[in-house]
Amino acid sequence: MIVATCVLAGLGLVAGLGLGLAAKFFAVEVDPRQEEIGDILPGANCGGCGYAGCSDFAKGVVEGKAAPDACPVGGAETAADIGRIMGITIEEKERSVALVLCQGDSTAAPTKFHYNGMTSCASAALVGGGDKLCGAGCLGLADCQMVCPFGAIEMTEGGIARVISERCTSCGKCVTACPKNIIQIVPASAPIHILCRNTDKGGVARKACTYACIGCKKCEKFTGDGSMVVTNALASTDYTNPPQDPAVIGECPNACIKELDLSKKAVQH
Amino acid sequence: MSDEKDPKTSPTPPEGDKAVEAKPAPKKEKPAAPPKLVMSASPHVHKGQDVTGIMRDVFWALVPAVLVGIWFFGLPALRVVAITVGGCLLFEWGYLKLLKRPGSITDFSAAVTGLLLAMNLPSTSPWWMCLVGAFVAIIIAKQIYGGLGYNPFNPALVARVLLLISFPVQMTTWAKPSSIIAFDAATGATPLGALKEYLSMGNTLPLPADQGASILQLVIGLRGGCLGEVSVAALLLGGIFLLWRGHIRWQIPVGFIGTVALVTGIAWLASPGSYASPLLHCLSGGLILGAFFMATDMVTTPVTRKGMLVFGIGCGLITAVIRLWGGYPEGVSFAILLMNAATPLIDRFTKPRVFGARKLYQEAKTA
Amino acid sequence: MELILLVVSAIFVNNFVLMQFLGICPFLGVSKKLSTAVGMTGAVVFVMTMASVISWLVYHKLLVPNDLVFLKIIAFILIIATMVQFVELVLQKLSPKLYASLGIFLPLITTNCAVLGAATLNIQNEHTLAQATVFGAAGGLGFGLAILLFAGIREVLELADTPKAFKGTAIALVTAGILSMAFMGFTGLVK
Amino acid sequence: MRFKGGIHPKYNKSTAASSVEKMPLLGRYVVPISQHIGAPGEVIVKKGQEVGRGEPLTKAGGFVSAPVFAPTSGKVKAIKEFPHMMGNMQMAIEIIADGEDTCWEGVKPLGLWREQTPEDLKSAIAAAGLVGMGGATFPTHVKLSPPADKPIDTFILNGAECEPYLTSDHRVMVEQATEVMEGVGLMMRVLGVTKGYVGVEANKKDALEALRNACPKDLDIEFALLEVKYPQGSEKHLIYALTGKTVPAGGLPMEVGCLVQNVGTAVAALEAVEKGWSLIERVTTVTGSGINEPKNISARVGTPLQDVIAFCGGLTSAASKVIFGGPMMGFSQFSLDVSLIKGTSGILCLDADEVTQFTAGPCIRCGACVDVCPMGLVPSALGQYAERDRYAELGELCVNDCIECGSCAYVCPSHRPLVQLFKRGKAELRKLQQQAG
């Protein structure tokens, strides 16, 4: 019995000594906070923060390169946790969601040619800018749906993309994936939105889509406070000062303006 | 972007979509609005060959050997062919329908798989075994990988090896070849099986005349074996047809058969008493069937000529090793499956040299 | 000749992963990328060879003389754990990238039954020290062959349009099964 | 020397024997500002301004740029965005012809090219707005200005015209052989090169003979009949076929001391120097099953496509695709309002029978694309990576060496739009590299 204990103890001692020496020899410094932050991150590796995955982001935060509240998926809670680990306080950011600024589905927006090729917006956009007559219209080939890590984008029956705002974490992947730049990150609290990006003038725009903004400035005049402005024959909402009065919807001759409730959030599992 | 998942690869215009004349352009009296044109990326012309065409050619190339098999093994062989081909088509059709996936059984690929499977079964195979084989080939080896083009292993071979391991008795019960009219229920052995048996009892070659098969018998196919592998002549006919049509490249069959001949030849020269002649090795078993039809399956073999040669040589090496020293009398199926597994690696290391690249491909990427 | 047969047996006929189903955890875990698989192969070959040698020495020179054969398993685990820790330290220093991509599977070599299997099989089959060394190295290479083939296939499978239900581990297991079936062809090469 | 890969499509060069017809003067032209690779020019005319034929409408917007010119005399009606053959809207200048077609007073010939200095010749070429007329539209004067450390020792005239259907170069070589060879001599003088090659595909023996007979005695030119194989006319492969030299991957022909010019460019260079003409007219082939009267025409740059089509008898009722350039590398059009540009070597109209709309299937790894790729790439693997947005792997597999010749997509039995995938992949890769700095 004693021999057994001694032998094992001796073996352990030798091994331990060897490892201790090796550890001295091959020592690597790692900031323990990096692992801590890595643990509380959502682990979706979506890249919404601009880093190549969650652990890269954690490294960035510890090195002071990344903003602690830059994780769009984790939102305010994660930001607060990261702040606690880093010993700083984080101001709460307002929730935002992605929004597809196009209503030109197949019933509203005609095509200008028959497209034959890859089922991918980015590829299709290389061929004559896409088959929609409207130069800013959703091509409906689902690039955004493919890149969304949260299943928060669906294709409508009319063949355009729609963000399911409850699931959206505003990681911004769809924004970069869209070759037509019609997906925008908007504050979830804003009630009124202009769902068009067509910069063509009146007649041309009207031909391109029944939901096209023709730049008539009615909304700009109605709101009058700069919350909606028309530039380049296209109205847009100033999201730092979003319009609140739903009455403006009736002003738009082409029904570009919509009231949307984007503030609902899916229950986190 | 998985175009095959999406039915919209070539979007047709939605119905009720009125033709809108070209573009907002300077208003001028134009002749009648031009037709809505088709747009696509270049090139705008195509050779005209498609997957269905290739598969159809492969199918017809297999037919002579199957007919010979049916002639020698009679109605049971016909039954095996009917069940496997029918089963494969049925499973493929059912799966595609059930999972609403694109693709169609009319592309002949399932039929070719079924035919190849039948050719790799003894004519005495019970019906349920044929069905199990068809299921394994189509569903497990092909469809759950994503269907045509994505299966890493040859479906028919996966099915054959699975059956061989699971039902060794049924898979090695061979009917004696006779002819369709005079069906003979007697069972016999394959030349390679007889050889292995004979050698394992400690005998030395040559084989007694009543146990082997003459060269002529091997060439026309009058010998025991799987129903599609027996007739070397019919198989060569189909193989040459495929070579001529350009659907298979010479590198694989030549590399395969050449290596088998070389290795067995060396062994035979070293010890003619314990190893059979390379001629016997080349003409018997499933070598010709494997080399021309199974090892040349496009999906599961390398894409480059160099890679194909490596693939063929690898197959030949493994086949020869298994035949000469292994437990199984025949190693073609195992060899091809193993090389299928190595195909991604072969592809990786046999890339052609990029035009104008000074260094080899693998290094060029860092430059 | 005997050693060559031992190598053939350990790599092909009695491949640890595909024929004895040992070491499945890293086999599935780090076979997603070929480069990681290569790193894992290196680590396993090293650990397996060293573990075989040291455990053989410990068993024959320490445990048997002292009549402590019952400590076999615990002593072997200790040795293996030490070796793995050592590899981990070295890797973290020399190749942080590989270290990160191997992740949890590196320390898990400790519980890789292939390594323990090699050590105990050495004892069970009464290998000499030379045989034990060769067996350990060949076993590691066999593991390497399996994982490299498998990683090659999995890299390609990533591009496949696999149905969602089978994506990832499911299809990997099916593939491993077929690969194992193919390896059965080597049965009987070495008794 | 034979290069590896390549394909043998149906050539359909039915217009090879029909001589070039001059298009009559039209009432309206639309001249896009950007007709070349490089910076677009700056507009130097105003709306309402009267212009003469050959008067510059823009001035070069940089060194790698070229001006465009008024195709006839008339009035500038509009300067705004018009449909462009690249498939988008681009700035263009609309000119309403006055029917006089009076020459701009600034047009002045330089004189015989043998009496000019290389520098003068080069500036005349730059002023005339010459670009590569084979379709690449790279400004010629830039090509003729190699950096000092990459001297040019070999001049190559590209008469391969390997694109199916197109016969414009063929006709130019037959009908203007003397001008072509004089132009070759001119450009060799600019470069100070003594050794020249003329490469013509073997299906145009008459063109090669015409050029050989028209060759001035004082030029050292080697005439070579090339194998009929697409893409024989690709710069790198032409150089390899003629001289056996291999342009390094990612490099330009000047790395091996070669310079390749198109036959149309040679003629334009001669006219620019000896007649003072700027590049306002070019020979182009209008052909295909979708056009009623296929022919070779000589048309002013800026001619609206619908007028070209009307001149050739109009589209057939079944026409369903109109392509600028050849069938292998050309750009399909959705609108007939685009105009002819300097690089338009052909207008191909295909009818519905020939324009089957394929549904791309999965790759079956048949390896046909690997066999035909003239650049030694593995298009099958590239296509799969591009399809899954795996751009890092695309870069490793040298997608940037792809010349987009279309051989792979031509043979693909699964009808995979490989070229489209590679174009997309290259664009994304460029974006990624820019982000990385």
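Order of writing sets the labels: A, B, C and D. Residues in every chain begin at 1.
Methods note: a contact is a pair of C-beta atoms (placed from the backbone, for glycine too) under 8 Å apart; a residue touches a chain by one contact, two chains touch by 3 or more.
Predicted model only: the values in this text are computed from it and were never measured.
Of all chain pairs, the one linked by the largest number of contacting C-beta pairs is B-D. The most distant chain from subunit C, with centres taken as the mean of CA atoms, is D.
Central chain assignment: B. Criterion: smallest distance from chain C-alpha mean to the mean of all protein C-alpha atoms. Centroid to centroid, with C-alpha atoms defining each point, subunit A and subunit D lie 42 Å apart. Averaged Cα coordinates give subunit A a centre that lies 47 Å from the centre of subunit B. The set of subunit D residues touching two or more other chains comprises 87, 89, 320, 332-335, 357-358, 360, 362, 387-388, 417, 420, 423. Residue positions 112-114, 116-118, 120, 123, 126-128 of subunit A are each in touch with at least two other chains.
Among the residues of subunit B, those touching two or more other chains are numbered 1-4, 9-10, 22-23, 36-41, 146-147, 150. Taken as a graph of touching chains, this assembly is complete, with every chain in contact with every other. Residues of subunit C touching subunit B in their complex: 34, 148-150, 152-153, 155-157, 159-163, 166, 171, 174-175, 178-179, 181-189. Of all residues in subunit A, only 3-4, 7-8, 11-12, 15, 18-19, 22-23, 25-28, 55 touch subunit C in the complex they form.
Considering their complex, residues 362, 384-385, 387-388, 390 of subunit D touch subunit C.
Note for the complex: subunit B touches subunit D at residues 1-4, 9-10, 22-23, 25-26, 28, 30-31, 34-47, 49-51, 53-54, 102-103, 146-150, 247, 249, 298-305, 308, 347, 351-358, 361, 364-365.
Put simply, subunit A touches subunit D in their complex at residues 112-114, 116-118, 120, 122-123, 126-129, 135.
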